[in-house]
Every structure is written in C-alpha cells, then in structure tokens.
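Below: one structure, written as structure tokens.
To keep things simple, chains are lettered A, B, C and D as they appear, and every chain counts its residues starting from 1.
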Amino acid sequence: MHKVQLNPVGWMSQLSQSEMKSVTASHHPERYQLFRRCCLAVLNSGAETDDMHKLMSDNENFQIHLIRKERGVKIELENPPSQAFVDGKLITGVHEHLFSVMRDLLYMEDKYPQGVCQLTTPEKSNSGTQLATGQCTDLVFDMLRHANAISTNEDLNTIVCWGGHSIRPHEYQYTKEVGYQLGLREFNICTGCGPGAMKGPMKGAAIGHAKQRVSNGRYIGITEPSIIAAEPPNAIVNELIIMPDIEKRLEAFVRFAHGIIVFPGGAGTAEELLYILGVLLQAENHQQKIPLVLTGPQESESYFIELDSFIKATLGFKATQLYTIIIDDPKAVGQFFAKQHQDVKQARRNIGDSYGYNWSLQIPSAMQHPFVPSHENMAGLDLHLEQPIGDLAATLRCAFSGIVAGNIKAEAVQDIAQKGPYQLNGEPKLMNLLDKLLQAFVAQGRMKLPGTQYEPCYIIAQTHNE
Amino acid sequence: MHKVQLNPVGWMSQLSQSEMKSVTASHHPERYQLFRRCCLAVLNSGAETDDMHKLMSDNENFQIHLIRKERGVKIELENPPSQAFVDGKLITGVHEHLFSVMRDLLYMEDKYPQGVCQLTTPEKSNSGTQLATGQCTDLVFDMLRHANAISTNEDLNTIVCWGGHSIRPHEYQYTKEVGYQLGLREFNICTGCGPGAMKGPMKGAAIGHAKQRVSNGRYIGITEPSIIAAEPPNAIVNELIIMPDIEKRLEAFVRFAHGIIVFPGGAGTAEELLYILGVLLQAENHQQKIPLVLTGPQESESYFIELDSFIKATLGFKATQLYTIIIDDPKAVGQFFAKQHQDVKQARRNIGDSYGYNWSLQIPSAMQHPFVPSHENMAGLDLHLEQPIGDLAATLRCAFSGIVAGNIKAEAVQDIAQKGPYQLNGEPKLMNLLDKLLQAFVAQGRMKLPGTQYEPCYIIAQTHNE
Amino acid sequence: MHKVQLNPVGWMSQLSQSEMKSVTASHHPERYQLFRRCCLAVLNSGAETDDMHKLMSDNENFQIHLIRKERGVKIELENPPSQAFVDGKLITGVHEHLFSVMRDLLYMEDKYPQGVCQLTTPEKSNSGTQLATGQCTDLVFDMLRHANAISTNEDLNTIVCWGGHSIRPHEYQYTKEVGYQLGLREFNICTGCGPGAMKGPMKGAAIGHAKQRVSNGRYIGITEPSIIAAEPPNAIVNELIIMPDIEKRLEAFVRFAHGIIVFPGGAGTAEELLYILGVLLQAENHQQKIPLVLTGPQESESYFIELDSFIKATLGFKATQLYTIIIDDPKAVGQFFAKQHQDVKQARRNIGDSYGYNWSLQIPSAMQHPFVPSHENMAGLDLHLEQPIGDLAATLRCAFSGIVAGNIKAEAVQDIAQKGPYQLNGEPKLMNLLDKLLQAFVAQGRMKLPGTQYEPCYIIAQTHNE
Amino acid sequence: MHKVQLNPVGWMSQLSQSEMKSVTASHHPERYQLFRRCCLAVLNSGAETDDMHKLMSDNENFQIHLIRKERGVKIELENPPSQAFVDGKLITGVHEHLFSVMRDLLYMEDKYPQGVCQLTTPEKSNSGTQLATGQCTDLVFDMLRHANAISTNEDLNTIVCWGGHSIRPHEYQYTKEVGYQLGLREFNICTGCGPGAMKGPMKGAAIGHAKQRVSNGRYIGITEPSIIAAEPPNAIVNELIIMPDIEKRLEAFVRFAHGIIVFPGGAGTAEELLYILGVLLQAENHQQKIPLVLTGPQESESYFIELDSFIKATLGFKATQLYTIIIDDPKAVGQFFAKQHQDVKQARRNIGDSYGYNWSLQIPSAMQHPFVPSHENMAGLDLHLEQPIGDLAATLRCAFSGIVAGNIKAEAVQDIAQKGPYQLNGEPKLMNLLDKLLQAFVAQGRMKLPGTQYEPCYIIAQTHNE
C-alpha cells in the first residue's frame, strides 16, 4: 500500500486546536465520499475523461485521511493515482489544488451548513432552509474572499470563458488563439476548469502573458463538487475555487467577470448563456456593463446561428442585443474587450461599485436557489413562452442544467439508469425549438467526450397543455 | 469642524455587505465610547501622558464614524488631535493602528460576544458565561492569526519585554541598549506598547536591525482596551494587536514569546512576572523552555534585589530558579538569549509544538478568567501563604492587577474617586511583604508618570484572620 | 511613414553623456546594417521562415534610429513589421529583445573591438588580432554577466538544448514533451533561440514550470549576429543574449550548461555535438561532469544510429561513451538529468568551480578562434583521420560550421551564389563518411525549412591526397 | 592572531578570472595603506573619534588581504577591531561597507587611473593629467551608477545634509529632529557619513520612515579616501560610496541632491556652502532649482548670522538670496522642502534633465579640479575681493578645504607637524573677514571633536598686497 503525507498550505497551515479537531473528526460517510471524489478528480488533473465511474472504479483503493499532528493537519493519500507525481513527489500545482478543495469544502461546511446541505443529500435540499438573496451573494463573496481571489481582481481584466468540455480540435485550437489574444492584452482568464473550452483560453493566455512579461497571470477555475470529477482542473489553473453548487458557481462567474465569452459547447454552455441573459434582462440591471461575446471558428458558425435563433425565438430580439457574435477572428475578440475596458470601469464608477466583485448586479432569487435535477423537478418545469422573459430564461436554464446533470453528474446518471430519462413537457412551439437545439448538440457531438455514443438523458414530451 | 476620511486597510478593506451593515450599525453607546477611547489613544501616539482624563477632556469634540460606501467602509475622524498628522495627512503608521483597533474590536465583538462582555459592562462579567480553558487559548490564537501575527512568528526570535511605563531616564536608556543588543542578534521585540520600558527596547532593536540589514524587523505591541488609553502605542510599533482583556493579553504574551525580559517597573510589571512564574511553576510545564531574564542598570539593582526577595519569601526558592538576573550588562542579555535559542527550538520539537504559538504550555483556568478589579473583589482576595504556590501566584497577580487598574484604568479610577481606595486583607506576614514592595514602588516613582503626586489606590489592611 | 519611439530598459536606461554620444554617433554603414538586421529579426519573432533575403526585402523601408534625449536614449523604429505589435503597442517581450540586442552589440563593440572585428568585415577577421584563450573565456563571461545571466545560474539546473530549426512535426512534439519533463523537474532551458528544437523544449518547460508553480523559469536564448536573422528568438525566450560569433556562442553554451541535450537536427546540430565532444575529449577535462543526452522520437532512431556510427568511425569508441542515447522516452530524459544533478554539483565542488559558469573546462585555443567560412578556408580544411582526436573534432566542427553558413547566413549565401558551392577535400574514407551523413541530412529535410528545395552549398571532393 | 574571512557581496561576487587576478595582484605599498586605512575606518564604525593617528596606532597589527579562490574573491581580516563583531560575526552593515570600499577603490583604480592619481601621490596630482570637465561629470555619474545609487534616485526626494562632525549636543539633537521631519515627509538623507550633523539627520529620518512605513528609506553616505578615517560611516548608512577626491564628492552631492541643508559646522561646512554658492552663482545655472536651507537650534542663531554676513560681505547680497535661513523650527524645514518638491520636478522637466542626476548643472572647471592642500598651494591662493564672484567663491572654497585637511587628514597633519601651519595671504579686508569667521569656529569648538585642544593649522597673514 502506497502512502504519501502532504504538508498543509495556505489557510490549512494555521488551524486552531478546535478547528483541527473539527476537521479531523469522523464525518459521516457521505461527506467523506464527496471529499474523496473531489480529491480524486484533482489528482486526475490532465486526464482526458469525463467518465467519473471509470475514474472511481480505477481507483477503488484510493483513500484520503486528515491526520492531526501537534504542528498542524496533514493530508495522507493512500494509493493515489501515479500521474500526479514526478519522481515520487506530488506536483506542486496539484498539491495546491488538493488544499484548495479542502479549504473550500471545510469552510463551507463549517460556516454555511444550511447553504450546502444538498452537497450530500440532494433529495432534501429543495425543501430545506434556504439562504435569502443577500445571503447568497454574501456567501459567494465570502468564498471568493476566503480563497484570496477578490483582492487581486481589481484591474477589471478578468474574462470569464464558457464553452464545452467536449469540442472539436479546430474549436479547441480556436479557444487557444482567443486566449492568446486576451493574454497579449493582459487579460486574465476564469473558466469552469475542465478540458476543452475551459482549458484552451488559459493555455493561449499563458503564451500571451509570457510574451508581455505578465508574471502574475491568473488562470482561475471555479467549479463545484458535483462537476469537478467530470471536469477536473487542468494543469494551468493556478487558482482553484470550489463553490457549493451550480447556482453559486454561476453567480461567482458573473459577479467576478469584467467580460464574458461563450465558445461552442453543449447543454452546459446553453445553461450559462441563459443564466447571464436572464440576469441582464432584469430591468434593474440596465446600467450594468458586462461585455458578452459569442465566438468560434468559421466551421462553428452554424452553431451560433442556431443558438441565436433559439434565443430570438424564445427570449426575443432584445436578448440578442446583449451579445456580439464574432466568427473566426480571435484578434477582433481581443480588441473588443480592450475597447470596452474603459466603459466597464466607468459603469462601476457610476454605480459606485467595487471593481473586484459586482455587488450591484441584481440576480432574481429564482436563479440563486439550487435547482435539483430529479425526474419530478424536470417534469414539473413550466415550459411555455407566455411568461416574463426573465422567468422563461430561468426555467430554460433549469432544463439545461438538468440535462448536464443527467449527462455527467454521478448521482443523476445513476438515477436515470434506474428510472429512465427525464421527461420535459411544455408548450409545443417551445418544445420544438428546444428539441431542435438539443438534437443539433447531439449531432455535433457536444454532449459527451468523443469516443462514446451519446445516450440522451431526456425525452421531449410535446403533449403538454393539450 | 475638521473632518478627515480614511480608506480602509487590511481586513477592513474587504467586507461583505452584511459585514458592513453590522459594522456600521448603531452600536449601543458604551461600545461606541470604548471604540472612541481606543482610537483617541492611537491618535495620541507619542504623547507622554498616562492621564486619560486629561486626554479625554482635551479632545471632547473628537468623534469617530464608520461610513458605509458602496466600495467599502471608511473611517471618518471629526476633530482629531493634530499631532498624528503631517501637513494634513495622517501618519501611515497611525492610520494602520486605527484599523488594527477596528479590526480587533469588531472581530472580537462579532465572534466572541461572550468572551468580551466585560469590555463595556465590567460589573457583570464575573458572573457571565465564560470561555472554557481551551476556548480561551483558541481565542487568543484566533485573534493573533486574524492580525496576521502567527505566520511570521516561526523563527523563534520573539522576545517579550515587560517593564514600567514610568521609568527613570537611565533605566530607559538601558532598555534601549538591551534592545540594541537584541536587534544586533536579529531578535524581534514584543511589548505592551506604551512609553518607557515598552518603547526603549523597540527603539534600540530598530538600530540593531538597521545595522544588520534586517528589513522585516517586528515591533509588536499587544494591548487591551482598558489600558491602551493610558499606554498608547509608540511610534515604532509596526504590529498592533488589541486583546479583549488583561488575561488574554498575558496569555498572548507567553504563548507568543521565545524569551521574556523583565525590566524595572511598577505594579503592572509585578503582575506580569507573577503571571509567568505562576504558569511555569505548574508541574505540567516542566518540559517548557522560556528563557526569562530580569535586568536593569546598576542603579536599579536594589529594585531587583527587593523583587527577588519578595518572590523567594512568597513563592519560594524554586520560583527564583526560573529566572536569571543580569545587572548592567546589555550585551550579556543579548548573548543569553542567543545561547538559549537552540534549546528553545529543541524543546518545541521534543514536545512537537508549533514554533509560532506555544500550544502545549498549560495555563491554569484561574489565570485565564478575567479578574475584575472592584472593591468587593479586591477585598475578597485570599491572601495568605499557606496555599499551593500556583494559587498564591495567581492571587497575588490579581492584587497587582487591581492596583494597576486603580492607578490608570478609567473606570476603576472613577470608582475609587467615589468609594475610596481598595482594601487588601490577608495574613500579616504576607501583607507586610506586599506593603514593603508597594512602598518601594511608590518611593521609586514607579506607579505613575513623573510630574504627578502618587495617591495610593489601595489600603493594606493587616488585621485579617485575627 | 510609421514611426514608433521606445523607452530604454535595463542597462540602456542609464547611460552617461559620453556613452550616449558614442552610442548615437554615426556608425559606419556596415555596422548599421548589422544592427538593423538583428533588430528586424527580433521584430520578426514568431515568423516561421529562415529566408533572410525575403525578410529583408519584405522590409526594405524599415529603419532604426537611436535618438539622444536629455533623459536617455530612445530607439525609433521606422516602418517596423506589424506582427510585433498589439493594438499599436510593441509586445513587451519584443521590446526587451530589442534592447538586449542593443545592449550586447554596443557593449561588445565598445569593450571588445578586437574581438568582434569580423562582425562586419569577415574577410579580415582571420588575420586580425585575436583574443588569447583566457581572454575569450573572460569575454564570454563578461557578456553573460553584463546580461545579468550569471547570478541566476547558480542552481545547476540549466539544460542546454541543441537541435534543428527545421524538424518534423512529430520531432517538434517530442522536444516539447522532453521540455515538459524537464520543466516538471524544475530545470531551465537554454537554446540557440529559433524555431524547431530550439522552441519546443521551452514551450514544454513553460507548462511544466506552471504546474510546479515555478514562477521564475528561465528560457534563455543565446545567438549571434550572423544567425539571428535566420533563427529569430521565439516568443518564449525571456533572456536573449547576443554573443559576438559562433565560437563564443558555443563556449557560452558549454560553460553555462549543467547538462546538454542533442535533438535531431542538421549541420548546425552536428557542429554543436562535435564541439562538445572535442572539448570533453581533452585530457584536462576528465574530471568534468556535463551529462550529455542524444534523444528523439521512435521515428528518428535511424538519425541517431547514423550520427553514432559517424562518431565511432571518426572520433572512436571513447567519444561515444561521453553521451547517452535515449529513444522515445521523454520521462527517462528528465529522470536522467535529475539523477545526475548531485554528481554535477559534486564535480563543481571537487574542482572548486563556480556553479554559474564552468571556468575550469579547458577549451583548446583552436576551438575558440573564429572560423570564417570562405571558399578558401573551407577548401583548406585538413580533413583526414590520422590526427589527434581533438584536432579532428575541431576540424570537422569547422566543416559543419561552414555548411551552416552556406545554408542560412546572409553573406555566405551571397558568396556561394557568386562563386558556386564550397569544396571540401580530404581523405576518401573520411569524405565518404561525411558525404553519407550529409546526404542523410538532406534526405531527411534537415538543411532548410520545409517548403523549399535544398540546393547543397558544398561539394565533397574526394580526390584529396592522391 | 585572529583571522576572519568574508564572502564577497554585490559586484565583487562576480569577477572574471582576469579581474580577480588584477584585484589580488600585489599593489604597491601606498595603495595597500590607503585601502587598509579605509577598511579600518569602516570597521571602526560608530566610534566617536576623529583622531586617525590614534585609530591607526591602536590597530597596528590589523592587516587586510584579498584571497583568490576558485569561486570568488574573499577578504581576509587579520586582527580586526572587535567592535564591529557580534558574537564573533561581523555586523552585516559593516560587511557591506567593507565591500563598498573595495568596490569603489578597485573600480576607480581600474577605470580612472588618471583621475585618482592623487589618492596616493598627492604631491604630483596637480601637475598630472587631469580629466576634462565633461569627463569629471561622467566619472561621478559612473561611480554612482556602479554603486547602484542612480536608479533609485528618481523620486526627487534626496536631501543632502551638510554640517559639522563636531557639534554640540543640542545641535545634534536638532539635526535629529530635522531628520525626523524629513523622514515623516518621506525624504531620503544623503550626508558625508560621519558623526554629528552627518549622523543625526539619518537617525531622525529612520524614525520618521518607520512611522510612515517607508521600508526602503535611503541613508546614503558619500565620502572619500582621505576623510573616511576621520569620519567613519555611522551605523545607519545603508549605501556607502567612496569618491576619488573631495571635489568629486562635492560634485556628487550637488548633482545627486534634490535639496540641501546646511547645519552648523566648521571649516568643512563652510567649504561645502561656498561650493554650492559658487556653482549656483554661475549665470548658466539660473534655471536650476536646488532648494537650500541653513538651519540650527535657537542657540546656534549667532553662527548663521556670522556666516550670512561673511557671505554678504564677500559674495554679495545676490548670494544670500540663494538660501533660506530657518532658526529652531524643524517642522518648517520639512515643510519647506515638501513645498518645493513640485518646483524641483518642474525645473528638471523644463530643462529635460534626469530626475536621478542633475546633468545640466554647470560646474566651473576650476571647482572640479582637485585642490591639493600644500604649504605652497595654500600660500598661493589669490585671496582678494575684486574678482568675479564665482572665482572668489572657488578660491575661498580652496582655503577652507586646506584647513579641513590640516585639521584631520593624515598627510596634511603630518606635513604641518613638520613645516608649521599654512600661511594664508590676501587683501586685508577679506583676510579680516576670514579671520573673524575662523576664530568664531575655533571659539565654538567646531574645528575638532571635543576633549582636544585645537591647534590652528593656519596663520592669517594680512600683509599681502602692500
């Protein structure tokens, strides 16, 4: 049996006796499994797989322990996967990622027990006590601050990049080129930290930063426990942050961003785009300035045409005004954000808001509350066009969120294996639009990493309302 | 009316919306007065006075406000004393001290409401809920960690210096020379941050550090709300920490120290010496290694002879073995600590304890609980020799603590003005010893800053037990 | 006409009045052309071409001026190629490279006028005054020190990588993987700073460094004026150093290296390998420890077999003992150097030599003197096997050096265009070996960048000695 | 015999083999004595004596050697004075000072042999080859740049302080208070690095810097070989620079200064004041802005009245317009320079001059050439009032310079012991003025450190021109 002990870094290196006791106390088994799964994902950094089951079964003997020593807490790894080691020594970046996972999981458990109950017991979370709107926003801020991410986000140069983890080679290459153009203009990159469109911009930016002698370039990965295993942080991420759930992760993205890019992607990317549109469409946010670009290579043009028409048909023309589509021109993307930089700054000043965290952005409470993807919840989504745009965006966001879960999140996948695919019901017109978009995603191979046959986790049932 | 607004530094520059609300909410008047008093003391930095009443009456119009702006909390000073300003700009060190005061007062109020209840309502604190022993130690650690003091205390080079705030010029000069010898040997200085023996070692060490090109020398001042006004932080302090009360301040000193020096002083110094002796005399602490030196110039020799005999007569010969007396030899003091350095390190290793905070030192619960100096409590002290040494040291510590309060702490001084001096009762032999020592302090002018006539705040009543 | 003025960085930002005068004085035209050519190469960073003529003719209108301002010297670029600019601003790395070129050219002209006479008047240099052996070594040291490269070379972690600028994609990929394994082990990379095998290891190491959080990774490019245009510094180079000529560049490599890798390459790579073998075969160098690895992917195995037999047949078995061939195993290459690290350190200690510059390595005077590739000099090379191994290695080195010049150096290319290819004469056995090797290089496309038909710049004339 | 070996720091830690050879080669005995004397002065740091003879005779057995090791040059001290050591280890600051002495002496010997010939053979220097005006200015710049002093002098906050090494306690206290006010305003201090008025401002500024959290405060001492022994660098100096002679030291002061203070002093201070007035009175310098303050405590008022009348009577009213006299108001001095700061910056901008070195200031060639104090040269001074003001200032400067030498410089003192005092001849009116001023200096004890009886080194012979 192979064992490795790791010295704590950062916050974990200075715990009080009572904190150590609480950290090393025997947690209930579900929490341990969550923790183990996240650590395994981190140790698996760089592996090109989104098949968590394989990852878990390949590493059945892997265990992780917290050991309380007089001078601090150590992490002990038992039978860790070898790929994170160089000549027997854990790669420093992975070492840091492990302690980032611990930092965030322990901190949220300790400080926000009510905010993270769904981490291990999803079925109860919708009915449990929930955080109020302001509390959510404070929690997201607190998690980012605790990870030391706020103080260095003052230059208004953080571009959040969204896009698929499973994209084609020429699309991946394109994300690198966009990242390179951003790096040349000294922007930092924040993504969901996985492969594909979450890795490419960071790689490109790293080269751009090197050319511009930017030595403190930031490659921020914001993830959440249920997705980290399927999208392990890539090698370049130098700040890893774990948010409690997908909704807080989305809130972190948009409050942290000084600009957002949407690359080609699948259901997850659609979820993200619907989220930011849902937010920006709120009347209270008309003063906000968050430049939003949809971009991809020439070959992906049809993807954006399809997405654009879906949005026009569902959320209306006004929604399409909130973004700019740039096809096959990485340099133009870089220049776009460079030109908007002053306006973003001015908007924050006008509102009197912080540069590091967009407090004044109003996010409807419905978009902050966790949506738990279950057969019941999915079937219950109120999918019809005759409702306020914001509500519609929020509801569609939930639909896509459920599909992402059904595709790659462990528990949802298991659930579907037992009970069959989710059923989505709604107004036929809307259901047709949705069906068309999803089928395009499937056809384009955007639902799963290549090499696997996609088995839809949902059924579009159009018979609703008749 | 003169107003100045200050930008937040450190922890205060990154508050969440809810924290800002809580910080700027209208506190009850007593808390505001405490806060105002502490800030006034800091702004009075460098003034040579321990007369808080004069300080307060000279600055009747001084007010302090927390202003909530969208981008952070600002401090607004109304009619601040001019001496802390250079050409209209607040001295950076004082600016930092102000925010250290805020950082610590707000943090302790927020996190340890039960541990700091006596801050504003002393009469109730003895009966209130109290922290358990481990909790006290954790609180002290937490306060130091929150002030970023722990992580840089790992070199085992922190020497805590105790001694009077009112000492004679040649004694003050001597403390500077000792500080210089410590600085030359790259030790850092930690004191109670006031004038006299709390300032001299820092000034001397600063010169020693400059000669040795130590650019990160630490001059740490640990104080508490009720004493800061009488002993405002001097100019050299570059880390100011406010502990909730005298007992936690004493615990901070001894857990933080890698060596301790006692210079000539009055009742406060005696309190400190009795505290560390009371701790080191505990059987559980026989493995501990905290070098302890009593030192002063030739002319102060009699002071140490007196103190030494008092300790021998009360705590016994064993107690006198715990310290080394060095008369008129600053270099020997420096060399003493340099030689002990390895042993201190080895002792921490043997015990498996941290270098930055002495967790394993056992402090009896009686010495951790706040002693509130009131006429009743002072009269009730169990002053007789036939009790365990540790208990006796603790009781004597309380007696001296009360006298310090009666001399310089605002509320106690007021109390005495109304009800007359404290009465100390006890076994005649002990009372005689005590009387002799205190009269020597008075005769040597160690009870108050010079220029004022000392009016004893206590009466030794020897008629006890007969 | 487009003009850009650049502020000086580094050494150039602090010139005395007399230095400024000398720097900005009108140089004779040849020197200006040299300077202009080097700057154009740097501005061309990243372009994948070794066709200097095209580069020059594409930028006929490019001019460069030094402007003397009261507060320092500025560089003014007239009609610079646009690719080095981002939104009108010169890329910081290229800006630095420009001033590195100036720093080194001006410094060598000023301090070593006799050592660099061949820079502009090659035909005279062989007959000119030459530096003595010790002076060469001092000059090389002085140039490196002036570039601030010595002080940070103390960790014994600099691996010099040699190999072709024109290699196949899978070979390029392989050099990246080796670089990655070196970066993971915290080695720095030093190459000749061009494309191909000079760029790949740096790119790979950059990723490895990022994973290990090495923020001060060094990507050192050492070049010389006559080759920089054909092999412009790639984007990753963060320390660019211009040596006066090829021989001093080679000396810089071997005295600076703590390990050397030879990737597949052409005539230039053969020259480099013969150089280090020629040096290490000297009896005085038997105590030296410079690990030397020849490595490439599986598909390049035949290349190394060929090279290995050439060396065995010419320099003998002993020479082949000086290197280790590793085929298709990047990790093994990394581990090889990691294991040798202690021995390299010990060898320096045994000899009492510096870690940053290998003073004690003996380099025969013949290998330090510039070999000027002319038709006469090439024809005059003493190519036969019956001579001391060291001399043979030196002579062969000259032959390959001439071929490199004939392939890509501007003046030699022009010369050959006028007078026809160089003639190489010698002992038939040796000439056959040489012919075979060179034909293999041609067949493998290692002589020029792809897309161009290779026109040999030499003729093997075997009729020598008959 | 006690020996200590020191590792090189800074420039000396990276010498080439040929430089090491030259550094360690046996110099002729006079140079060795010069070097030994300077090192002894540095090792004597903090001692309060200006009696070099005593210093030398107390340390007859002290020797210093340069030892060439493969990895660098070491300094070996034989029988060094013990006061520079702490527990057997040389104080880091003194260690640095020793290598500053070596750095400057070796560099000037090597690069400017003609400029420093008088270092060891004063009798020849007036007739030797001399540097041209521009060359002097370049040399001064080069020495400062080589000491890394230029790049950090860009903030226009360097105040040069002149004044006596032998001043009264209240004057010394006053210089500290002025330094404190300068430090509070974040000015750096540059002096001649000895005791008295050269130490006080640094000590005061150090406290001011500490209060303002200025961690990179500069305490620059500029001295020269013949004076360093009498005025050894004090403990606070963190940049020590040795200029070749008094004239280059004066030029360094005025080109480096962003403001100048003259404290009470003796002949040396008068020399310095006459120097800057002589320079500023040049017509070419009317655009220059160098704020100049004469200041001292109340008790020294008469000193400045005397100096002021001497200047008015000799150089005229216009000269008195160039300075501001501030009596007994340290804060006003600080505020004066703070207010002028913008004007100084604007003046440099208008002229287009560097912030770090005042190139455009015109210094007459006569003031740049070394004046060698000999009986002949002193007697030959052209002391009469009817000459251009600039010439008169220069001549008077020489007279005072000679008196300083006769007071404390080793060779001049010896000379006078043999040949009797210098004779000063000139116009009676001027000689009376001079006599009156010098007698006031003697009466005020400003010519030598206290405890010694002053024996004048000069005779005022008024019979000139009759």
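Here is the rule we use: a residue touches a chain if its C-beta (ideal position, glycine included) is under 8 Å from a C-beta of that chain, and two chains touch if they have at least 3 such contacts.
Here's who's who by UniProt: A, B, C, D = AMP nucleosidase.
Because the structure is a prediction, the values reported are computed rather than measured.
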Given chain C and chain D, the chains that contact each of them: none
Whole-Å separation of chain centres (CA-atom averages), chain B against chain C: 65
Chain centre separation (chain A, chain B; CA means) in Å: 49
Rounded Å distance, chain A centre to chain C centre (Cα mean): 46
Residue numbers of chain B (touch at least two other chains): none
Each pair of chains that touches, named by its two labels: A-B, A-C, B-D, C-D
Complex contacts: residues of chain A adjacent to chain B: 13-14, 16-19, 69-72, 134-135, 137-138, 141-142, 145, 150-151, 351-354, 359-360
Contacting residues of chain D [partner chain B, same complex]: 86-87, 91-94, 96, 184-185, 203, 206-207, 210-213, 215, 235-236, 238, 334-335, 338
